[in-house]
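A short worksheet on the structure shown next.
We call the chains A, B and C, going by the order they appear; numbering starts again at 1 in every chain.
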Amino acid sequence: MVSRCSHPQPNLLMLDVSDLACRRGERLLFSDLSFQVPAETLVHVRGRNGSGKTTLLRALCGLLRADAGSIRWRGEPIRDLAEDYNRDLLYFGHLNGIKADLTGLENLRIASTLDQDPTDADAIVAALSRIGLEGFEDLPTRMLSQGQKKRVALARLILSKAPLWILDEPFTALDVDAVDLLQQLIAEQVARGGSVILTTHQEVPLTSGAIQRLTLGEASDPVSSENTESSC
Amino acid sequence: MTINWFKFASPAAFYPIAGRLIPWFGRVALALVLIGLFWGFFLTADQLGGSNPQKEYYRIIYVHVPAAWMSMWLYLVLAGWSAIGLVFNTRLSFMMAKAVAPTGAIFTFLALWTGALWGRPSWGTYWDWDPRLTSELLLFFLYIGYIALHSAIDDTRRADRAAALLAIVGLVMVPVIFLSINCPDPNQCAALHQRSDPGSIHLSILIPMLTMTLGLWSYSFAAVFARLRTIILTREADHAWVSDVIAKEATA
Amino acid sequence: MLKVFYCVLSRDITLALRRRTDVLTTLFFFIIVVSLFPLGVGSEREQLRMLGPGVVWVAALLASMLALERLFAADYDDGTLEQLLLTGQPLALLVLGKVVAHWLLTGLPLVLIAPLVAMQYHLSSTAIWVMMAALAIGTPVLSLIGAIGAALTLGLRGGGILLSLLILPLYVPVLVYGAGAVSVSAIEIADTQPYFYLLTAFLMGSSLLAPLAAAAALRISLE
């Protein structure tokens, strides 16, 4: 459909999270969590294992219903936007989300068709070769190694025009080259006016834009969030 | 004047209210069931029907019919609370639905069992594929499905919502299922219209039957509230008010 | 809209064709169940002719349900289901695409093999035609209703048994009228038309409502 990201306005408020609280089972993971994500920003979510990083990202995607608080995308609650919000969003979870019986090319073609974001085969092949899978386009992905499978999934980032990326531990199982490339992709996304929210133990250098750090504390502690504006 | 119903929708507020209501519903249930049974067993006619009368054994009707009515009514209640829970996202509604399910299943089983006991002398068999018996059996399966799905899911919220959706799907399907059982041959559906309606039942039978129904209804309230209190305590275990309640009940 | 529907449909069919055994297992399950009955109840012709419609339908019910377990499970395991939920397309439409693909792969083969198994029960040629038509209208209803159960039991321990507990009672109307149509077709004067009206009504109702319910169930299960 019409991709609203083509004319990004700098410093436009994209995602507005207020008083968010999430439980898992009977355990309160975090509460009263408020933060804003403007355009050209990278939000780095940190926290110990079990502090609710994945839960937060899934709530931000709308996959999980938060127990309290609101999440607004460009001023509208994401629940009301539903599919319209999904169109502006790219989520990358723990699972790669690619079919092992399909080739890399087929996987990416289906993903882009479902996003109603017509991409021709050449662009997909170009994306796959940029991610280092040249010559593997027509192999079923089950023949690929763990890291290569992850690369197929990451090729979606190259093709994506979504203004908001939510990436859950994208750096795991990647080799040095792929880590470099991913850092580059994230920097590009921020530079062209998009936002990225990710969890990782890796530092991500940016060429332009701001980094916001969000630390999820102990289950019962209030969440502390520090903002460090840094233009590298 | 408006009452803020959402105030009572909080489990913490409802817990003491349910506690105070249980003894009252329990007493009313006991009184009405005793009256209904005494009336039905000793003060009504010895026989039912004309040319081929049913003898004393027909009196099981005073348990069978009220139990069957309650089993259907409670499924409506179950689906109703499920729908409210899904729409308004209120936790107490889901707890209510969960608390209703076992009582509904028990009444369904009771209706089936008494039906079998009644069928033996009157039809000469414990089980017959009579439309009403079959409907009741399928209702029992629906209850069991709800309970099984709820207990198979560890995450409380998913369990509540998934089972609620199942209850609503079941409710939508119930008319179609009952149609297919009552009218397996659409070429001659006349049988569907030859249903007995409460108006045709003699008053001397209807009144004790209704008394019993009210008794079982009160019992349902008491049982559901008792179960609900346990569910509330388990689910709210990490809240401060629960430890207060436990401390208070320990001293009392 | 249509493009998205077709995309999901062709995706699932491609996937199934790369793992053909799954499709064949369902088909052979159906054939085996139907073939076992005469061994259990005796092979007297009149009796088999009477039992035939019911047996074939119950076997179809079980086969369709066994196959349903896999409807969303594979996508759930590799994370593609999560991505489907976030595509920016109406989820019910995607679910409908998956269900149609599933029916083409597991339901349609049952319809086509029906004459073969019906011959084991000495059904007349009229009855065989009626059975094929009834299965063609009835089995999609089974897939549609079953999708709700498959979505609800996603990722649960013992999901298959649970699925049958939840879904089989809901299959009763299709069973009653599907088997009823075939039984009635053996009687000269009786009319099978009302049965087909009802089955078609079920198909229309369930294709409207079931994808919505299954989509809601998927959202609940993936939370």
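Following the convention adopted for this analysis, contacts are C-beta pairs under 8 Å (C-beta built on N, C-alpha and C of every residue); 3 or more make two chains touch, one makes a residue touch a chain.
Predicted, not measured: the structure shown is a model, and the values here were computed from it.
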Which chain has its C-alpha centre farthest away from the C-alpha centre of chain B? A
The larger set of C-beta contacts, choosing between A-C and A-B, lies at A-C
Starting from the mean Cα coordinates of chain B and chain C, work out the distance between those two points in Å. 32
On a C-alpha centroid basis, what's the spacing between chain A and chain B, in Å? 48
Euclidean distance of C-alpha centroids - chain A vs chain C, Å: 38
Junction residues of chain C, two or more chains touched: 223
Where chain A touches two or more other chains at once, by residue number: 65
Among the residues of chain B, which are close enough to touch at least two other chains? 155, 157
Footprint of chain C on chain A - complex, ascending: 1, 61-65, 83-84, 86-87, 89, 91, 93-102, 106, 110-111, 113-116, 140
List the residues on chain A that touch chain B in their complex, please. 23-28, 65
Within the complex, which stretch of chain C touches chain B? 145, 148, 152-153, 156-158, 162, 165-166, 168-170, 172-173, 176-177, 180, 184, 190-191, 194-195, 197-198, 202, 209, 213, 216-217, 220-221, 223
Going by the contact rule set out above, which residues of chain B touch chain A in the complex? 89, 154-157, 235, 237-238
Residue numbers of chain C touching chain A in their complex, please. 3-4, 7-8, 11, 14-15, 18-19, 77-80, 82-90, 94, 222-223
